[in-house]
Amino acid sequence: MSTPPIKNQNQEVEKSNRMKYMLEKLSGRLFMLCALLSVVSLVLIIGFVFYKGFHPFVTQGYSFIDFLFGVDWVPSEDKFGIFPMIVASVFATIGALIIGVPIALFTAIFLAEIAPKSLAKIVSPAVQLLAGIPSVLYGVFGLAVIVPFLQNNLGLARGQSLLAVILVLAIMMLPTVVTVSETAIRAVPKTYREGSLALGVSKIGTIFKVVVPAAKSGIMTAVVLGMGRAIGETMAVILVAGNSLIIPSSLTDSVRPLTTNIALEMGYAAGTHQEMLFATGIVLFSFILLLNFVLAKISSKGGN
Amino acid sequence: MRKFKDNVLNGLLWFSAFLTVAVLVTIVGYIFYKGYRLINIDFIFGDYSPSGHDGGIWPMIVTTIYTIVISLLIATPIGILAAVYLQEYAKQGKLVRVIRFATESLTGIPSIIYGLFGAVFFVTTLKLGMSIISASLTLTIIVLPVIIRTTEEALKVVPRSYREGSLALGTTKLQTLYKVILPSAMPGILSGIILSIGRIVGESAAIFLTAGTVAALPESIFSSARTLTVHSYLVTQESGDIELAAAIGIVLIVVILVLNFATTFISKKLNKADY
Amino acid sequence: ACGSSDTSSENSSGGSNYTLAISGSTSVGPLAEKLAAKYEEKNNINIEINQIGSSAGITNATSGVSEIGMSSRDLKEEEKATGLKEHIIAYDGIVVITHPTNKVKNLSTEEVKKIFTGEITNWKELGGEDMEIVVVSREDGSGSRDAFQEIVGYSSGELIKNAIVASGNGNIKTTVATNKHAVGFVSFEYIDESVATLNINGVQPTADNVLQQKYSLSRPFLFVNKQETLSEEGQKFIDYILSPEGQKIASDAGVIPLK
Amino acid sequence: MNLFYGEKQALYSVSLDIKEKEVTAFIGPSGCGKSTFLRTLNRMNDLIDSVKISGKVIIDNENIYESSDVIKLRTKVGMVFQKANLFPMSIYDNVAYGPRMHGIKNKKELNKIVEESLRGAAIWDEVKDRLKTSALGLSGGQQQRVCIARAIAMKPDVILMDEPTSALDPISTLKVEELIAQMKKDYTIIIVTHNMQQAARISDKTAFFLNGEVVEYSSTDKLFSVPQDKRTEDYITGRFG
Amino acid sequence: MNLFYGEKQALYSVSLDIKEKEVTAFIGPSGCGKSTFLRTLNRMNDLIDSVKISGKVIIDNENIYESSDVIKLRTKVGMVFQKANLFPMSIYDNVAYGPRMHGIKNKKELNKIVEESLRGAAIWDEVKDRLKTSALGLSGGQQQRVCIARAIAMKPDVILMDEPTSALDPISTLKVEELIAQMKKDYTIIIVTHNMQQAARISDKTAFFLNGEVVEYSSTDKLFSVPQDKRTEDYITGRFG
């Protein structure tokens, strides 16, 4: 081989290599900084929301217990109790799960196991697409269709109710729960199905006794994600909840969940009132963090 | 007995799937049915009018585009580099776990909390005011985890052999990264970006509290302004005009639809790139 | 890069394209938008109007986030104490509305109070059908709500607990228009045939009756500002509103002009 | 019997007559259609959309492709797969799974079936103390034998085995082979294997597959000692494959 | 040279002296550490976090684990992997990749390097008309030769090959073997192979690895005809592995 140009300029090469190592180091640092940015964001968010939210309890002598368990929310009279809202959020979420999860799960099973391929190929992406529709539109639909429907057909005095919230949330979490659990079900190894079918077990039997249990952790993830969506949803709920300040005793009561309390009054609030809305945010935040924690637990279990 | 149970369950499966599809079709159908009459050129490109019904939504479209462009301009490079760090540079350890936890937690935070944060941090503390830039920065944080995650997934499927092949030729990690790894991960990264656009377009609570509701063509990124989704919310809220809200909804759904097709198209291309 | 390009654009236009930031009441908002639209046609100015509620508008004006705040209620003592200057730009009536099918057409102030505080819970007691009354109120912090409560004579804490709370006049109108049990209150501007308006103490809610002080449910629409932060352009806009031309626009918009 | 995957033909007029209570082995190079044929015997190929089959499989005087009762067929014809595919449940639940799904609820009866089956699969002693623990914690060889137990818990007539030992170490393989030898007196066993020694050791009859055809089918002794077909001879002497 | 994957030791005091311009083959059963050792020679193991290495590798009088210039090392020591790992670019771009990354921009010069390298890898004639088409459209054997071309485009002194033919059909294997024989006059070649015949055919020296140790290292003729160690003998006569 003729004199190779690469080896020729040995010294220069070494110099340029040193440059390269420098660049390597620098870029590595830069990349790390970028990655740390999400940590910074999270810390900032937690920091600011908690700082603002705890302010009245730390410096102004409001009692956090009264805040959590108080039943009166009259900002203009300095009464800040969010117990009705906590109850509303919890009920709304549970209700939405009770209605939404079975339907979503059955739909996912249907799409993954039963539906003819051609059908599943149309329906699955369509359902996914719906996960992307702005939640406001679900609210518009709820306000314009579900609320009057409940009013007229159940003979309610007000259609804005816990039930309306539950229905809207159940609908909204369908796409998420369907899509995630469908993926989980599809990921169950074919060998499980074959093993069961080879024992002369029917297809449906196989699905419910082997496939779904095997996809358990994925399905749980789906449920927790759906739950997160339900607890955190704001703009759709605000339109159908009625936002009354009562502890709901029936499905037909109108309610004010935590999220809507913030969105409803944030614009109008100042001073302690505003800080109390941040405190509401803290409570909401804690619910979500708890859920995330549960989710992390589930997925680490699923990994094993 | 088993047969009977099977049949019942089978029936339930069909019924649930039917219900899901029916509900979702109803919603989309309703929005189109209510809103299609208002859709025309003047509506899309016309200026907002305070008297409502006869005005257009051009200022909101512009604002929406602003927020998309600015948020992505910031979030995309940061997100990609962060993913590169996590996948290619970081040694698995505490730091990575902390970063992962943070990213995952950010994904789960409801947008109203982002709104609260944006309102005190960007709007008040950084004195950016209610403005497109405040909203865009808030949105940046919202989509950052989305981009990080999808990019990480895309990087994961780049075969190890590409990295080895390149490094074995005496190239640096950086060279390998931008000549070999990033190009092969590009389709995956793109679909992450499109996903983020969807998220930005659909967001309301966080924007509402950080950009305000000014219904005029924004002068600059420091102007307060109103996005399409916020507009659709306010129209429902303030004037109770369902038809108008639905018409805006149609525009939003079409945008989401187009984005979805783009994602599918790109991921199809991804598969081709493998061969 | 973004910042620098912005300042340069401001410089190049020599400050002639001034941005005037206004925020506050959702009741005043629509009127302000209409006024601004007309004013912008003739002047090289850009007016930003954020409808975020009276209290927030007042806070913004105090803190300087907005040059002008819009309020649909009088300033409270502590708000006045911060040195805010107020300009009444028009008057507005608050109308009690029901579903068009509701037979009750007149209420006394006392009855309105009893309805909103939950002492009267059935339309039957007011001579209407035997059905529950559903109270619809604005949210805490709203100027309309403050003014309404003050005139009728009850406090936020007394509001019946199961009242539907809606943010924004439009939302109240839609809620009342679609619920035959409902009663609510909105600003004059929002009235149309989808809801029925009630007489209060036998007086019709009209502009004339407000001007003659026969109709009690009224309040001023205010622009508020800090003297030191109000720009020349801001002052000009306020002057425009107070001019006959501005007042004509107000009257066309359905609110009550100053004279 | 002809079988197509979509356009591609995988079996060409395969025709075999399999004796009861014997071990029949299928051998042949990879991709020649052994598994495919085995899976026609309990209609496992039904699961694959693209499969098209012409011909018949007669078990107990009945063409299984005419009768529509796949469940009955699969109850009668058990199957053990190449890779142990236990369900993520306890050992007990795995073995009891089939009987339970066929309506047996009685605890005692189930206990009996589970014990018998595990004994039948020569694994009872190794697992009797941990029946309630997850089956996935067992070693590969143990899992494969639990799979066999699971299959015999259904009291099938025929057991199909698709390379049941190819994923196992030599010792586990030996155990499973011993088991097959024992089981032969109760069941008709058909086994696919890559390992000619194994076929020679355990089977009564052997069929040699090549490219979707049965080249030779005769008693194992004969096939390995005096192969009739040149290709068989080439294969068993290791000249290709 | 000792090497650990985390806690697990994969190489035990391996010490070899490799001659220039010769072909050295590493043989041994699977998992014995051949690849691991090969990868220490261009510090490819640096990519794996858990790897810990003690000992030295001396090339051109320099301990490569002391010098920090990995780039230079890898330029000098080329590598060809078991599975062809061409980048998803055109054939031309694949071969030109290394030189380009080392700063060669001149079109003519690049053309020359690409042609020379492809000729050197005995694949020029087959691909010269489609240099601009995707490299992934080539057959496995062609891809592997382009990989070799890519390696020699860097004008390395040493070329490491990790089972370069194990994924190839016999004909492609033959071509690559011929190529290695040719290349020997210009490069020092170290090749890992599973195939003892191959080692015997192409190498000058052979090292036999077992469980992370070099059991025997001598000239290929000697190692295959009169192995010194009992274990080597067992292995090459096929008694285990």
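In this document, chain identifiers A, B, C, D and E correspond to the written order of the chains, with residue numbering beginning at 1 in each.
One rule holds in what follows: contacts are C-beta pairs under 8 Å (C-beta built on N, C-alpha and C of every residue); 3 or more make two chains touch, one makes a residue touch a chain.
What you are looking at is a predicted structure, and each value in this text was computed from that prediction instead of being measured.
**Student:** Find out how few touching-chain steps suffice to connect chain B with chain E.
**Tutor:** The fewest touching-chain steps linking chain B to chain E number 1.
**Student:** Please identify each chain that touches chain B as well as chain C.
**Tutor:** Touching chain B and chain C alike, sorted by label: A.
**Student:** By mean C-alpha coordinates, which chain is most distant from chain B?
**Tutor:** Measuring from the centre of chain B, the most distant chain centre belongs to D.
**Student:** Taking each chain's centre as the mean of its Cα atoms, which chain lies farthest from chain E?
**Tutor:** C
**Student:** How many Å are there between the centre of chain A and the centre of chain D, using C-alpha atoms for each centre?
**Tutor:** 47
**Student:** Where the CA atoms of chain D average out and where those of chain E average out, how many Å apart are those spots?
**Tutor:** 43
**Student:** Per the centroid of Cα atoms for each chain, what is the distance between chain C and chain E, given in Å?
**Tutor:** So the centroids are 81 Å from each other.
**Student:** In whole angstrom, how far does the Cα centroid of chain A sit from the Cα centroid of chain E?
**Tutor:** Once rounded, the distance between the two centres reads 51 Å.
**Student:** Where does chain C touch two or more other chains at once, residue-wise?
**Tutor:** Where chain C meets two or more other chains at a single residue, that happens at 52, 166-167, 171, 174.
**Student:** Name the residues of chain E that each touch 2 or more other chains.
**Tutor:** 71-72, 75, 102, 154
**Student:** What are the residues of chain B that contact at least two other chains?
**Tutor:** Expected reply: 2, 172, 175, 236-237, 242.
**Student:** Note which residues of chain C are touching chain B in the complex, please.
**Tutor:** The contact residues of chain C facing chain B are 2, 6, 9, 17, 19, 21, 23, 26, 30, 33-34, 37, 46-52, 65, 166-171, 173-174, 177.
**Student:** Would you tell me which residues of chain A are touching chain B in their complex?
**Tutor:** Residues of chain A touching chain B: 20-21, 23-24, 27-28, 30-32, 34-39, 41-45, 48-49, 52, 102-107, 109-111, 114-115, 123, 125-130, 132-141, 143-145, 171, 174-175, 178, 202, 204-205, 208, 228, 231-235, 239, 259, 262-263, 266-267, 277-278, 281, 284-285, 288-289, 291-292, 295-296.
**Student:** Hey, which residues of chain A end up touching chain E in the complex?
**Tutor:** 1, 4-7, 13-14, 16-17, 20-21
**Student:** Contact residues on chain B for chain E in the complex?
**Tutor:** Residues in contact with chain E: 91-92, 159, 161-172, 175, 179-180, 183-184, 273-275.
**Student:** Please give the residue numbers of chain E that touch chain B in the complex, ascending.
**Tutor:** Contact set of chain E toward chain B: 42, 44, 47, 49, 70-76, 78-79, 81, 83, 85-88, 97-98, 101-102, 136, 147, 150-151, 154.
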